[in-house]
């Protein structure tokens, strides 16, 4: 078989196939729920209910999407320039680390000043973490897929070391966690009582800004040029290495914002399990969005919705929690396939 | 650094090194085959989890140990089929499919495990492969016990390494795989199907990853645990790069990485270990891997078409 | 009387030893018809507060689990659901302001201490190996108590201590244990799965922790310090039924006088442990129970010696 | 020539081949016969459908209509394996070799069942040596493709076909990237092959080659076959007219007074690692003058173009532009100094295939007004600029927003040329600017270079085509082994004399 591009896919195709992907996921969910002894017909409703069926559910979905928007943007920016940043997880932790280093009393500043300072400092730290692999790539040609991936483990161990050492909360009764942020360092909640915080708004703003950067600025243009053909870009006078470094700063900074937002908006302190793989899921989000920053928002909401919805369903239906991850993975694979088929037709031969 | 020297002269260090390396050898070879054909397989971590589970579960249900190995391999191949179908003929992003397969495979294993064994707080055990000293060879000092006092699965790892190297460099099939990762047009122009070659490589490679996972439950340990693969798959991706996409060097890399691991475990027991945070020791293999990558960096050896999908009739 | 609706929220799979004790106690209560029990395992800390709310909104009367990583957020959830009782593993003391949130932890240092006495009596080399997951208080305090127990019978004992940075990597725990045995350890403190396997393969002894695994290693596991969560759960259920649930520290229900912990029966090692040691164990046990002897609670990361 | 007797079928017969890409009809009802033992030249403008037709023949594309017969037997469509088995061999326009493999392995790829145990390298080596001797195609079987020159790679491609006992050989623009010597060697090989009964289809834009080598010529225009004639019954002018549909006049070059030297190289040597480096090269590029650089490719042309273009550094000697040595030298600095570059490889270096025409048009100038201000792009300005280029250079394309990969080589080159010449550069470095272009496009590009000269630019024309150099250049230098000859003003040297310099002889006498 081979794929043949479709010049102008019909609306039916563009909407129908993703709908089919969701239907396929739902069907799989029903089959597996039935296998686990639950009522298959109820599962669907329970997923929707868990993702958006109440104020709590909807806000929690937005909440779960927040770090995914940041890491998704980080990956989208990097992948555009063909910088394979698999290390958003490490950059996220770097941002979180700096947030607690400076936000637990070291900087006695008023909130409107402190928050931007923390965000920028976190971004700088994330950028720094990605700069290492990028310099190894531009200087020595070391494959960044591997270095960024390995740095995730190193960073996690480093955070663990600090949390069990100098950063350990003296009031924490020994559990490896940092001291809480001072109130001035906290991102306020959007809805009182529930934990959706201004980090979500920040994520939306970031998505719009990155869209503008990619489509309206010379930097975005250069990043795409470098990603599509570095040799031609270099020939045309574009400083390829500098663009890669700028990309790294932007990408690492965005991933670090996820850490900043989770700590300052949600947790209030740093633990080793701050991120259940947001850095990796960011890759999925970015690719689902086809690297479009605004698409990242939609993709993050989709992923977060499936995640919270299926998780909530697994509890309500009394099936093993792992069904949620399974359905998320299936939804993702079905969806990328559906999106490919909106633009390509399968031909025999 | 006499502490290191003291460790290096113990037989048990060398035995541990090969034991730790064994699962990595399988999975690294698997990843290597995929990448030589042009497909980055980030599904490795989850495929190892699935192999670890099904291999163990087969034996738990009463199957023979070797049947467990076979089932683990078939499990790996099944996920390989998913990965290959999506990345090769459909040409989807190898990053997203790889991570998706990792999620799918591990979640499937966990889900099935929990369905089958809902109420275990103490995971059931099987009788795993036992060390099987090779008569004669295992008596050679130092090397003998290290190489030849292992379980049969480790010997299978040696066999896999030799077989993969032979196939890659000495057979038409291996030639086709290597060419598919370098320039798929060259493969197509010689009348071969790039799709078939790449899919075959991904499926076979994933089968090896499944066995790598099963090593953990059938040889290194005797029960299945959530999260027990614990990043070993990601390490193997680094090892392929470290080995410059060359089977022999990648296996050596796996052994070297295992040596670092065996060493750091032992260093923790020395007086030094009491002073330095344990995380520093755990970091050691990763940091040294990065350092080794820098030392070995040679861009030229990357398969040129790695991560580039091939679609006939489109340029 | 209808059974109480109980839900467990665990951040790890129920195979993890600490959590398994909660889970088993709840299962036992369910068997007895006292409760309706459901649980969510492997819940990321990020999701923990949401799952608390979901269970609470579903009318759950008692929610149990562990909030070591989400202390602050969990404490924000509880006041929104005054009808629900929260019984949560936590490092922090209870907060009088949050009346429906009680805390507990595995204060089983008494049993660990006793198991240390036996270990000290059984080691020939005087070298003891200890493999842990992470140096958190729940692990540290038991290791420290164990070491204190060892010194009762073997004052010159030395300890090798390693943390593998994971709750679930038995192959790695096993490798670490191998290294310790090679370095001379002949009794292993088995905080993680995998350690007893190494001991068994190398023909040395192991001391269990939190759970009893002697049936799997009849010639290896000498004694184990067991945590029994049932007294804690029973106390909480009683107060839920009576409508008197309040902010309290249930840690005491894990202690030996309350039956929250015990030394596992010697089983296959009956008669193989030196008599003096068993006498000492009996003596200390009695003293602990009548309050005349207190095992020190030391949550600091233990250091090798 | 042994054209087939009436009762034996031709070696190859195409009947009514039609192929559409969306709305575009790339091949329109094409009939074509290839007789045994003949060389058929296939001619046509860029984008006329030649490569498409050959890809259909070889099974890489499937025709929408029509059928193919080999020796009277129908060939299953869309199956390269069947085509190979039927005795077809193809040397693609862009080589299909795996660079990390050896020559031998590239040849053996796919020749045995994938399930067989060994490759039979030993026996293969012997047979390869024999084939090499038979056809005059010697190449070391154990070299990696990466280390081979273009000519050597092409030999490997032909050997791949010969290895499979191909009886029909298709060569798609085989000489586009060859040096004249390599082309001559290729023709010698082809003649031997035909003598052994092979039938050949040969695609080229170089009409002198076509008339010299082929027995028959078929001409495609806009996907249709417009002519099929015996070579001896036609000539270059008629063929050109058939291809383009009109008479083509060679660009006429009026003499023009040249100005002062703008760029001077004074005994410059360059760093190694980019092919042959320059060795103490001395050269002046003067205003209003076309300086032709003759030489066999691989003798330092890339280093010279890279040096002036800013991508390669000098290790010794002095380069001055209007008397001053530039401080930091980079592609950016070169552009700012008024150097326009037309790169050798428009696909890999000149354009970004997935960028639109507009994005490609501002690749060198996007960072300055009017295309951007303070880092913000002005799309409208870029688009307007591109529309201007499309008009001025007659770039045939769907529009300024189409991806440039959809353009034919000639049209792509026009955009590269327009982009380079738009800022009215003082220096123009044109490296093989007409490679692979059809004669219409060739004339167009050459006229633009002359126009740039007439506007006062110093033009450096690097080409392997001696005829082109002799026709266009006001002054000629020869490059060989990284050394550059003294200047020879127009008309002072014969082709033969320049050829001697190209072979490196003149240098020794001069030194």
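Order of writing sets the chain letters: A, B, C and D. Residues in each chain are counted from 1.
Please note the rule applied: a residue touches a chain if its C-beta (ideal position, glycine included) is under 8 Å from a C-beta of that chain, and two chains touch if they have at least 3 such contacts.
Which protein is which chain? UniProt says A, B = ABC transporter permease; D = ABC transporter ATP-binding protein.
Remember, predicted model here, so these are calculated numbers, not experimental data.
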**Study point:** Shared chain contacts [chain A and chain D, defined touch]
**Key:** B
Study note, to complete from the structure: Most remote chain w.r.t. Chain D, using mean C-alpha positions, is C
Exercise for review: Return the distance between the CA-based centres of chain B and chain C, expressed in whole Å.
Suggested key: 35
**Study point:** Averaged-CA centre spacing for the pair chain D and chain C, given as whole angstrom
**Key:** 76
Practice item. With chain centres taken as the means of their Cα atoms, state the distance from chain A to chain B in Å. Key: 28
Check your understanding: Mind pulling the chain C residues that touch 2 or more other chains?
Key -> 42, 135, 165
Practice item. Find every residue in chain B that makes contact with two or more other chains and list them. Key: 110, 279, 282, 312-313
Revision key, fill the gap. Full set of chain pairs in contact is A-B, A-C, A-D, B-C, B-D
**Study point:** Residues on chain A engaged by chain C in the complex (per definition of touch)
**Key:** 50, 56, 60, 63-64, 157, 160, 164, 172-177, 180, 193, 195, 262, 266-269, 271-276, 308, 311-312, 314-316, 318, 321-322
Point to revise | List of chain D residues in touch with chain A within their complex | key: 22, 62, 77-78, 309-311, 330-332, 334-335, 341, 343, 348-355, 359, 363-364, 366-367, 372, 375-377
Exercise for review: Report the residues of chain B in contact with chain D in the complex, numbered from low to high.
Suggested key: 170-173, 175-176, 178-179, 182-183, 185-192, 197, 300-301, 303-304, 312-313, 315
Check your understanding: In the complex formed with chain B, which residues of chain C make contact?
Key -> 13-15, 20, 23-24, 27, 42, 135, 160-172, 174-176, 178-180, 182-183, 193-194, 197, 211, 213, 216, 303-305
Point to revise | Residues of chain B touching chain A in the complex | key: 40, 82, 86, 89-93, 95-97, 99-101, 103-104, 106-108, 110-111, 114-115, 118, 195, 231, 234, 237-238, 241-242, 277, 279-280, 282-283, 286-287, 289-290, 293-294, 297-299, 302, 311-314
